[in-house]
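Two complexes come next, and they have one chain in common, subunit A, joined by subunit B in the first and subunit C in the second.
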Partner chain A sequence: MKTLLSRPWIWSFIAALSVWLATIAFTGGASTVGLSQAALTFAAFSVLVGIGQMFVITLGPGNIDLSVPATMTLAGTVSLKYMDGQSGLILHGLAIAVGVGVCVGMLNYALIKALRIPPIIATLSMSFIVQSAAIWTNRGLRIKPPQALADFTTQTSFGIPNIALLALLISVAAWVLLHRTPYGRWIAAIGQSLPAARMAGIAVDGNRFVTYLLCAILAAVCGYLLACFSGGAALNMGSEYLLMSIAVVVIGGTAVAGGNSNVPGIWGASLFMFLVVSMLNTYGLGAGVRLMMTGAIIITVILLASGRTANLR
Partner chain B sequence: MRISTDTLRLAVPVASLLLLLAGVFYLQPRAMSYNGLNLLFNLAVPIALATVAQMLIMAVNDLDLSMGTFVSFVACVAATYLHDAPLLGALILLAAIATYAALGVIIYLRNLPSIVVTLGMSFVWAGLAVLILPVPGGTAPEWARAVMISKPPLVPMAIIASALIAVFAHLLIMRSSLGVLIRGVGGNQRSVQRAGWSIIAARASAYALAACFAVAAGICLVGLTTGADANIALRYTLLSIAGVILGGGEFTGGRISPIGAVIGALTLTLAGSFLSFLRISPDWQIGAQGAILIMVLALRLLLNRLESKGGKP
Partner chain C sequence: MTLPMPPAVLEVVNAAVRFGEVRALDGVSLSIHPGECIGLVGHNGAGKSTIVSVINGGLSPQQGEVFSDGTRLAPYGIGVARSRGVRCVFQELSLCPNLSIIENTRIMHRNLGGFGWRKRAAAIILASIDAIFPDHGIDVGGPVGTLSIAQRQMVEIAMAFSDAGQPPRLVILDEPTSSLDAGLAAQLLAHVRRFVANGGAVILISHMLTEILETASRIVVMKDGKIVAERGAGGFDHASLVEAMGSAATHQTAARRAPAANQPVLELTLPKGQPFRACKGEVVGLAGLGGHGQTRLLLALFDRHSPQWWPIRNPAVTFVAGDRRENGIFDLWSILKNMTAASLGDLSRRGFVQDKAEIDRGDEWKVRIDIRTPDMNNPILSLSGGNQQKVLFARALSTRAPVVLMDDPMRGVDVGTKHEVYGMIRAEAEAGRTFVWYSTEMEEMQLCDRVYVFREGAIVAELTGDAISEHNILRASFEGEAA
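So, the complex of A and B:
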């Protein structure tokens, strides 16, 4: 029990569970299954972008990818336009989404490296260009996704949404990558001290490049799935994921200063973020109160969770 | 005579602003008049104030992701309470400034990531703004309106205001002992502490000063637009960060330039007008702004290279 409580990610799960219980208590257990499935589905999208953002944040202070929303939008738009509703082209569409991610990731790191721009500004400038490209390809069109893919993203297997299962699979892969491969050790070392990592002979540039690539690809795949889930790509579909991707990583117990990350916390935080909003909706509060409560709860969680980091130092 | 590093730092923003201005005048000679200049730079005044506010937060190595929502909140207060019940309105704004100071202290005491705390606060400000002004509207206080539309002889209001902001911020941050203290906290917190200064007081005043500038930005904005809405200034968050960086500031180390920040804000505003004069398709407007940001940063890298070459004996 004590070892469990000392895990940095446990708090996000405790928070998510208590919000879930508070909502269920209010509805009298009326929509337990529906609420849980919706929470898992929407959390899965946050988890996908959150994992990518987590790898980037691991790299150390100042490393944040702000191009996530634009990449999601562009990948969703371009792949839906290519598939044009034909089920035979699903894999091609996925390949195109991944290709968009690869391009954005490469360009992001090219700016960071070649121009020595701080990553926040580099990815911000890049996101402007990517967003423009998305506006240009979208042109107000609303193309329906292939039926088979739309079904896959909205249906459940064994009572669990397919999207959540997929995100779980990717999370396990990310956990293995972070904790059981040299790459995971390397990026943690870079996050703890870049000069020290360089002196230890770690290929700093290569690893940072792969990390930005990974983040952009995950964002692109998430955009592809989200566009299919919501029945078409919209230009603002990524916007809420900018703050969300950062928030779930940090609430999940990953150190913002980098070098110390964990995957399970992202799940707890993603579920928590969705459940808070739906709890406040259930209570029938207005938009203003809902926003305020969301902010207050985020700050409270950070304050509570900060006790342990303060002790470590 | 050797040019000092600070002057060189300022050279890039000034050169980019002049270059853009020349481009605008070439494309649209009619802009070269009293009214033309006023129209070009009108909206730059609130952005410049918000940029100086962001710069103060960045001076202590933090980042404020709630700048846009805070300015929107101030605008909503200014268009309602400050107009209808000036005393109550002023009290609300004072309370908001006190909240900012408290945030600065909490972030330091609990060793919290400023990005996440301000992210949470952005929800709180947005919620309050929606509560105050659920639908766009309100009325600007007469005095704010009068100041913003005043027509001083010879030089347009927007230019005088920008110059005043730059000079005032420069004196406050680069020449006063409080400014030195704030920048010292960004440079090396521990050594400032050992020298016997109170870090808490320095951080609280940096945050409170930033809030004062942001409040001024909100009031100016309402003076220009005559009304407010809860989303009026959301883009200020990213604009203010980009403005500080364009003006030669850095994310860490307390290296900032108030004059540069104001010029950075003017450059970003002008970039928008320049692009519309170029008749670039609206699809690519945002993208072209990103490209301008990248070009300016590339220019700075080039100059930095020259500087370090010149510095070698």
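So, the complex of A and C:
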């Protein structure tokens, strides 16, 4: 129990569970299944972008990717436009989305490296360019996704949304990547001290480049799935994921200063972020009160989580 | 008995400190009188830094009392210590790099406020640097970050001796000469003698026993958190001091013969002066005054051969950092992870790090280089500075790189460990490894096969075999002529 409590991610799960119980208690258990499935579905999207952001934040102070929402939008619009509702082109669409991610990731790191722009500015300017590209390709069209894909993203297997299962699979892969491979060690080393990592013979540029690439690809895949899930791409579909991707990483117990990250916390935090909003909606509070409550609850959770004893590995 | 002693500037009685399972101090009593220079020696982790922290008020012992001028000080803390004139120069440098030297002076001396403080601070710090290191050439208006590590240490020392209305009475110098070359170290020790002659008190911690023997009026030997020997100057010589510290007295071994000239494994042409070249199985020393381009050469060699974009299976070079805080350790990690950071490729199979291989590698080096810890999974910061340095050695030596670059790696490492590492370097060189070694210690240069002497960023002399001597190195570094 004690070792469990010392895990940095446990608090986000405790928070999510209590909010879930509070909501269920209010409705008298009427919407348990619906609420849980919705929470899992929406959390899955946050998890996908959160994992990418987590890898970038692991790289240490100043590393952040603000181009996540624009990448989602562009990947969603371009791939949907290409597939044009034909189920035979689903994999082609996915490949196009991944391609969009690869391009954005490469350009992001090119700006950071070649022009020596701080990541926060580089990815922000990139996001404007990418968003403009999305506007240009979209031109206000609303194209339906292929039916098979729309079904997949909205249906469940064994009572669990397909999207959540997919996100779980990717989370496990991310965990393995972070904790069991040299790459995971290397980026954690870079996050703790870039000069020390360089002097230890770690290929710093290569690792940082791959990390920005990974983040952009995950954002692109998330955009592709979200566009299919919501029946078409919209120009503002990514906007809420800018802060969400950062918030779930931080609430999940990853060190903002880098070098120490964890994957499970992202799930707890993503579920929590969705459940808080739906709890306050269930209580029927006004928009202003709802936002204030959301802020207050997030602060409380962070305070509780940071009160834990320092967890040195 | 002799004349009654004046009351102690500071006296610690029966201090005990524990960090978890580790007994850092075990009932230590120490009194420091005016006009005394106490030499404090002992191995890494013997408790030297801990007793210093107790004396400067940074650490409250779980047991024990502190007296000053005959009165008991309770509570005792950093503020009280400073008001009693206790000053400390730390092994890990503590100036703010983004501020100027003048601004750092203002931080150190709180009573320097008010109009025109910059002028007064400049005068105070400049007077102090001038007194200790004449002809220092440091601009006190410039930021600390642009200074070399030796210059930073000079400023740090001058800061401790500076007087802004509250004169220093007891100055603690923890490895003050570790980044200074021979000339600067001599200036500092001369100043210590002057300060002591005028009634000041000094605690000098150093792994360079000659300095202690020449400077201290009383020598205190610590081991495992206790004082094991305490004698006046002259009561010890080099051998008996090493023996009191409890390490095998390995004596300096003669320089190795240079192997037959063979293909160079590393070459670099410098913008001026002689080109640099190192052969297989050679130990090449980089000598000269601190900050004259030795570290820059090492970094240039490293940058040219280390990967930037793609991890390589067979790295050409590996690096042992001297400035371990800045570019050595990963402070969130365990000892084991710190040690294996440079050889993860070797410890992986099919892209995954093999736990067992990693643990075995850690245990092997824990024994080989004697890392003092009960468990390699403890955090790296639980180790003393010298033991952290051993981990960095293990990190570099456990790679398969044929060339090891060392940037003054023995800073703060005790005598026993140094000799173990010297032996290891020799054995590895016999086996065909090349070492490029920058050091501020003459003794270490004499262990090299070949020495390049640096001056103003260029190689001005190349010494081999018997020509490697303190005399020749100093001559070349000051005159720039080949010996």
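One rule holds in what follows: the second predicted complex is superposed on the first by the 308 of 313 C-alpha atoms of A that agree within 3 Å, B and C clash if a C-alpha of one lies under 4 Å from a C-alpha of the other, contacts with A are read in each partner's own complex, and residues count from 1 in each chain.
Keep in mind that, in the parts below, a contact is a pair of C-beta atoms (placed from the backbone, for glycine too) under 8 Å apart; a residue touches a chain by one contact, two chains touch by 3 or more.
Since we're looking at a predicted model, the values are computed, not measured.
Peer 1: Count the residues of subunit A touched by subunit B and by subunit C, then name the partner with the higher count.
Peer 2: Of subunit B and subunit C, the partner in contact with more residues of subunit A is B.
Peer 1: If we overlay the two complexes on their shared chain A, which of subunit B and subunit C does A:206 touch? Say first, second, both or neither.
Peer 2: second
Peer 1: Please indicate which partner A:37 is in contact with in the superposed arrangement: first for subunit B, second for subunit C, both, or neither.
Peer 2: neither
Peer 1: Once chain A of both complexes is superposed, is A:278 in touch with subunit B (first), subunit C (second), both, or neither?
Peer 2: A:278 contacts neither subunit B nor subunit C.
Peer 1: Which of the two partners, first being subunit B and second being subunit C, lies in contact with A:198: first, second, both, or neither?
Peer 2: Only subunit C; A:198 stays clear of subunit B.
Peer 1: Scan A:111 for contacts with subunit B and subunit C and give back first, second, both or neither.
Peer 2: The first partner, subunit B, only.
Peer 1: Have a look at where A:247 lands relative to subunit B and subunit C in the superposition and call it first, second, both or neither.
Peer 2: So A:247 only meets subunit B here.
Peer 1: Looking at A:239, would you say it contacts subunit B, subunit C, both, or neither? Reply first, second, both or neither.
Peer 2: Neither subunit B nor subunit C is touched by A:239.
Peer 1: From the superposed pair, tell me which subunit A residues show up as contacts to subunit B and also as contacts to subunit C.
Peer 2: 313
Peer 1: Under the stated contact criterion, what part of subunit C meets subunit A in this complex?
Peer 2: Contact set of subunit C toward subunit A: 302, 306-312, 315, 317-319, 321, 326-334, 337, 341-342, 344-345, 348, 351-353, 379, 381, 395, 399, 401.
Peer 1: For subunit A, which residues are in contact with subunit B within the complex?
Peer 2: Residues in contact with subunit B: 61-62, 64, 66, 111, 115-118, 120-121, 124-133, 135-136, 139, 243, 246-247, 250-251, 256-257, 286-296, 298-299, 302-303, 306, 309-310, 313.
Peer 1: Would you mind writing out the residues of subunit A in touch with subunit C in their complex?
Peer 2: On the subunit A side, the touching residues are 176, 180-182, 185-186, 188-189, 192-193, 195-206, 209, 255, 259-260, 312-313.
Peer 1: Residues of subunit B touching subunit A in their complex?
Peer 2: 63, 65, 106, 110-113, 115-117, 119-131, 134, 238, 241-242, 245, 250-252, 281, 283-291, 293-294, 297-298, 301
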